[in-house]
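Multiple structures follow.
Below are two complexes that have chain A in common, paired first with chain B and then with chain C.
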Partner chain A sequence: MNSKLSAISRHGWIAWGAAAVAFLAAAPALAQQFTGPEYGEFALFGLDRRGAIWIAAQLHLLFAAFVLGVPMFAVVIEAIGMFGGDQRYDKLAKEFTRLLLVAYSATAIWGAILVFFLSTLYPNFWSYLTGIFAPSMWLYAGLFFFESFTLYLYYYGWDAWKKGIAKKFHWGLGIMLNVWGTAVMFIANGWLTYMMSPPEGVTAETAPPQIELWSAINNATWMPINIHRLLANVVFGGAIVGAYAAYRFLTSKTDDERAHYDWMGYTGNFIAIGALIVLPFAGYWLGREIYEFSQTMGITMMGGFMSWLWIIQAFLIGILFLAGNYYLWVGMGRIPGAERFQPYIKWMLLVLVLGVIVWATPNTMIASRDEIAAMGGTHHPFLGVLGVMSAKNTAVNLMILTTFLSFLMYRRANREPVVAWARAATMLQGLAFAVCALVVLAYGIWGYFVEAIVRIGFSVYQVLAVLVTILFVTALDVLMLRGARSRGTIRWGHMPPRSQYALLVLAVTFTWLMGLMGFARSGIRQHWHVYEVIRDTSEQAFTPALGPAATMISICVALFFGLVGMIFWLGGLSEKSADQPSGATAAGTG
Partner chain B sequence: MNLRRQPIVQAAVVLVAAYVLFEYVIGYGLPLVGVSSAPVPQTVILQYMAIVIVGVLVYFSADEARWKSFMQPVRDTLTLPDRRVPRGLLMVAIPVMAGWMTYQNVRLSFGAPATLRSIHPAPPGEITFRGEPITLTGLENPLRSSGSMEEHIALGRSIYTVNCVPCHGDRMDGEGHFAPAFNPVPADFTSGGVLPQLTESFVFWRIVKGGPGLPTEGTPWDSAMPAWENILEQHEIWATIIYLYEQTGFSPRTWHEAEGEAH
Partner chain C sequence: MLRTNLKILFTVAMTLAVFTFIANVIPQVQSAVPEEIEIRADMTPDELVGIGETLYFGVGGCTACHGLGTRAPDILGVAGTVCATRNPGQSCKEYLWESLVSPVSYIVEGFQPIMLDQSRLMSQAELWTLVAFLEAQGGEVTVGPDDFAAAAAADEAALAAAAEPPPTDPSAVDVMGILRVHCLACHAYGGQGAMVGPPLEELTGRSYEEIERGILEPNADTAAGYEPFAGVMPTYYGDQLAPAELEALIQFLMEGGAPGGSTDGSVGDDAPPGEDRP
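For the complex of A and B:
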């Protein structure tokens, strides 16, 4: 079966990917000759043309995030194994690269479907895009080939190049895989950000050949999206790894397997939550660039009809924080010595719950006529103070700080520092936490008494205070725990199943968030294909309300996890096949 | 057995306390001690309670021993022979409660349904004033760099008094004598959530185009604000905006810090 799978990977899936790439490369020439109707018709499975392209684009993006995020994870894990000498990490990195083969094909298939839909359902708009971006599409196709073959070399060369300089070469392949993947993403981001923020001077009358390619790619929101997606892919990669580990943990038959997947889940969660902490910076930059580009777009996104998505986002990120911390707290049950931190958990949880409550308090409340009359408007006279950015920034920074404290306790649980200055250093760490919390609170309260432009600047100081504290406390902790005495070995695998469901919740929530916030980013164009340049003249030239949009995104998330579940299953299947003689395989897989 | 130490009792106490806080203390208790407040909308209470329930479950299930202790009464009630009566009562009470909640949600009512209203409509990049195009993006109040500020304020005061007081009130708090007839009520300019959040160009657009000029997305707006371009001149509107900020003590929102400091 393993060889069959490999054959599928080598032939069937490559063929799909190659077809997509070949079409993409040839499409500009085809599309520019098109003189047919403005929109094509689609009416299958109850979907219209927009529904079809929505699902294709969303699933392509989710798989693309998978195949960009997981290699980042794999190459870092391989480096830890290579330089640290722990073979477990090497095995983990390889396990994930095997999943990539199938995921990569799924990305190519959905990419092909997206291109076919674009060219058949939106032929004139597709013609317009290819008229501007044709050379970048050819480059994209070339990079796609480089990426594919680097991936195959990376995976199939794993065992052949496992020692000495050959291992370093292999690791270099992993880095190149990430470089090609990132370049491919940057190019595609150029196309979609052009639709959001076309360069100044481009109007409906500007013919595509008159638009300079680089100015179209290097538009106002291109680099913020690049950085935001790059970081988000690391988060997503970690979350997917965590979900895979949870799935394998729950289906494990032996203690060894459970121990391995328990450890893998912890590693995935660590990377996901670690990268999540810096993600708001990139999101903030993107939001600011959107405002700078168009006040209308900015207000539509943050204060207008898209604003409720931010409350939904607050809920979902609240779930991420609660689930991430929960996983750590449950995990402390398998670490000797962790019981001394138990009394603090309820207070940390209280900060998190209050933080989510503040963050999810809407500025404009959904209320009945009587409730609005009692409040004197849609702002609540008392809770209204929690609906503004000062309160929300303060809440999220304290939540980040609390999550870091959970990590710190988890890390220190079974270790006892032996250095003489350990007590003083611990007190210094406590002081750093206290000062940071005070700084965050002080700027939060001060923000109510200054004008908006100054208040926006305060959020930077709050985040900086948190990041400096994290770096300082971590550095001190690393020094303090050198040569630390062990209180006992972590009992990997001794985790209740509910902890694994927390990992699954994390992955699903991340995916949902990507869909919802992607809708916000894309939806603020409203009735434009290219904002204020190419108008959407189809019968779907309206922005869907939150309910239908959320339903559509949920369908995409369900489809994605259905397909990812199949990839996970295939991963386990091929591993089982590799471990057993062929006769046993046939019997085992029925 | 000490009931206070029973996790499930502790959980129930936390949930009841949270509900009392959100529903009664914030809604009715705070006004008794002179703090401005109002009953919290049911949608918000639902949100808050969902978060608290998740928090409670997280706490009790984060530790194996605590979780076992939390679940023990549930398990006992469902399995022990001597718990037949409470088990039977629960089997009746839970479906009845679910039915009652469903009934409450679907029963006919004469009240308007709860609505989600966008409070900040997105302004267009450009508008027309009686046919003359005006670019809103980056637009500053022209009166701030010309003429006498005292005269602008005096003009704004007279315009406001004649045209705006009936709805927005003489204290600018949205409680003019026509206000109770409107839903939604007129904007309260003394709130920190209105004027300081807006650029002067945004306020200008809202006054010029009023309710009829609100964007099509996010409808229905239900605004009774007239389009004042049909009644007032441009400089009169700008003067009124200066008067609004001067009277409330707020500064308008700006895009660049240097400009922010200049105001």
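For the complex of A and C:
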């Protein structure tokens, strides 16, 4: 008990100390008058002030995404264990939550560093922001307290409140942890989205006290960013948990440990890829709102100097699809009965590779005269046909459909339906896949022959076809596999190491992708602190090209994984010091 | 254990290295802070073309549509050769100027009238450098000092007008001037203007609130038959128009003619900016 209290105290002091220092740093700024941008100096480790703020903000965001994403699925997994009566899920949820504790302190520390940098390197701009958002900052601090307190109760009360009504209370704590965390994120999103899309009527002459707090928070991109980040946090949390499980699997010494971490890795990957499939819809919404707010900003993002960024994004998402599917295909080797699906894998791989190639085909790029001359025109004579949205939307929808098929095969691998209509249902599922693929292809081809505005509408039909198919096939599968006969138990832990490296690549790619998209979101403001309101007059006002930005992103990701590695190591130390051996019951089924 | 840890480290490092390498080998485009461009009447054609090129690929934002093949015609390398053949009797320079300040006057087959009047975004002197750059795309640069002398006068007049305090009395507002500058590039009125949005006469009899919403939140609703142009109307009129101007404009549109404008529906004899230049 004493060790628990000291642990609570240790984590709590770090987080609260960081938060308190951050707000003390903010206090002088609150008293300042906004007199136009002035900047502090920074020259350490070859970084200038923008580099310093970039790293602090990115690391704070990555840790924050992790501590907000993991509780979302931890509480769901705890519910599965609680209502389904399977203790394995309860243990898994607890292990997920254990990862949060040190990560939570890291989030607060990087948040404090970010505030230090803002208040010392961008003092006037920071004063401007606090002049508008001060009340929400104090609310943020209050919610942060509730979030910290709830997290410690949630984790350290796990074993004390494990039965009956106490267990339900504990689960309620998990839900509250998510409520506080989501509220904290929504408030912080209000600050950053104000910088992107300040409300109408705000000009450079508008003094901060004249700006209504709610209108500043509830700006054009606030809610789309909220939803996009909520989903992305789940994806990211799943991927990092998958990487943790992979690390523990690769360094395990017993079969029981390997079995446990194999199952944990599978669960993390399932969560990450599952949430990734719906993430683009939130992205479309955000993109639309950006265009609605400012067509100039929208065009800068998609057709302006950032257009090459989307090719890199396509390449990264291609890696995510390929690595995610590869992990599933390798995993089928440990499932009796999965052999019958092996012949289909090469064709699925072909669809994915072709999809990535089409999606990553450059098209709407800014090109210089020399580049246009070298290409023989504004479009490549052959590849230009594949680079348009009709082809790309078709490619990505077929990739999503293929990934869903991988999950379906994985799910069906060791089960044999016993219902009389199983054969007819399987044929119906096949028919649904075929019809969906044809609908997606047909709209893709038709898109070449209609106006742009009609073509954009086709993408909605393509997405709807895929979503309806996923829902229909899943519902049919659940009904069909009720009481299904087992073809054998999944041999958890019998995975080749290469599968675990795929999980690591997935986590690194997700993290890098977050850094890239963060650069896109922030970079489309160009030389403005607050878009078309407060101009950046520092020598770093220009927006860097993709190469230097990528280098910065890689530095941030390397630092993040270095720190995460330390957290995993610390997690392992506390486990070793525990009285009883950890988790590690070989899981029986998926 | 050490070997496994090194393998993990290698995997992470290699993944980062590949991403960084790819991002560094693709074309590098940096978004620079817009600089003040000095344009003088005595500049050489090459200097004018150079400034025009900077605007075309930079703050002009032309490449957002031209060169993509779908939104607007590809004009690099060809604009200077086809410009004189578009409208009989119109010189290359005249056509290019018109295509910038009144882009809906001539729509190339297969494209939609989505381009905005560029005189609302750039000074006339800047527009002439763009004309020079476009003429240089396969043709001869004919933009000269006379064009810039007239442009300088027009730009000074525009600056002086902008410096004047906005009207506070709706009855003193020049509604026809507002229509010419802000509306007729997309809406028709009195037989003039374009058809990107519905004719303004159709607003007669509607409520004040309804018209106000249509101006301040133009993308909230789309008039039937104009769906292809949804989202084209700018959302900045709440900032650009003074309260008295907005009130006078709405009153005018409600009643189909009101104080400050001619009641016969004509938009006046004043030519749009630059129309009489080439």
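To be clear about the criterion, the second predicted complex is superposed on the first by the 533 of 590 C-alpha atoms of A that agree within 3 Å, B and C clash if a C-alpha of one lies under 4 Å from a C-alpha of the other, contacts with A are read in each partner's own complex, and residues count from 1 in each chain.
Quick note on the criterion: a residue touches a chain if its C-beta (ideal position, glycine included) is under 8 Å from a C-beta of that chain, and two chains touch if they have at least 3 such contacts.
Because the structure is a prediction, the values reported are computed rather than measured.
Participant: Kindly say whether there is room for both chain B and chain C on chain A in the superposition, answering fit or clash.
Facilitator: clash
Participant: Taking the superposition as given, does A:Y326 touch the first partner, chain B, the second, chain C, both, or neither?
Facilitator: Once the two structures are laid over each other on A, A:Y326 reaches chain B alone.
Participant: Determine, under the contact definition given at the top, whether A:F382 touches first (chain B), second (chain C), both, or neither.
Facilitator: Only chain B is touched by A:F382; chain C is not.
Participant: Which of the two partners, first being chain B and second being chain C, lies in contact with A:T543: first, second, both, or neither?
Facilitator: both
Participant: Have a look at where A:E212 lands relative to chain B and chain C in the superposition and call it first, second, both or neither.
Facilitator: A:E212 contacts neither chain B nor chain C.
Participant: Thinking of the overlay built on chain A, is A:Q526 touched by chain B (first), by chain C (second), by both, or by neither?
Facilitator: both
Participant: If we overlay the two complexes on their shared chain A, which of chain B and chain C does A:P496 touch? Say first, second, both or neither.
Facilitator: first
Participant: Can A:L352 be said to touch chain B (first), chain C (second), both, or neither?
Facilitator: first
Participant: Would you check which partner chain A:W308 touches, where first means chain B only, second means chain C only, and both and neither mean what they say?
Facilitator: Both partners, chain B and chain C.
Participant: Should A:D86 be classified as contacting the first partner (chain B), the second (chain C), both, or neither?
Facilitator: A:D86 contacts neither chain B nor chain C.
Participant: Select, from 45-53, 63-71, 81-89 or 117-125, the region of chain B that bumps into chain C once both structures are placed on the shared chain.
Facilitator: 117-125
Participant: Would you tell me the residues on chain A in contact with chain B in one complex that are also in contact with chain C in the other?
Facilitator: 292, 295-296, 299-300, 303-305, 308, 315, 363-369, 371-373, 377-379, 384, 388, 451-453, 526, 543
Participant: Over in the complex, which chain C residues touch chain A? Could you list them?
Facilitator: 1, 4-5, 7-8, 11-13, 15-17, 19-20, 22-24, 26-34, 57, 61, 63-65, 67-71, 74, 76-77, 112, 216, 219, 227-228, 230-231, 234-235, 238-239
Participant: If we count contacts the way the header does, which residues on chain A are in touch with chain C in the complex?
Facilitator: 200-201, 203, 247, 250-251, 291-293, 295-296, 299-300, 303-305, 308, 311-312, 315-316, 363-369, 371-373, 377-379, 384, 388, 451-453, 501, 504-505, 508-509, 512, 523, 526-527, 536, 541-547, 549-551, 553-554, 557-558, 561
Participant: Touching chain A in the complex: which residues of chain B?
Facilitator: For this pair, the touching residues of chain B are 26, 30, 35-44, 47-48, 51-52, 54-55, 58-59, 61-64, 67, 111-125, 136-137, 174-175, 183-185, 187-188, 191-193, 196-197, 199, 217-218, 250-251, 253-257, 260, 263.
Participant: Per the contact definition, I'd like the list of chain A residues that touch chain B in the complex.
Facilitator: Within the complex, chain A contacts chain B at residues 292, 294-297, 299-300, 302-305, 307-308, 315, 318-319, 322, 325-326, 329-330, 333, 342, 345-346, 349-350, 352-353, 356-357, 360-384, 387-388, 448, 451-454, 457, 496, 498, 526, 532, 543.
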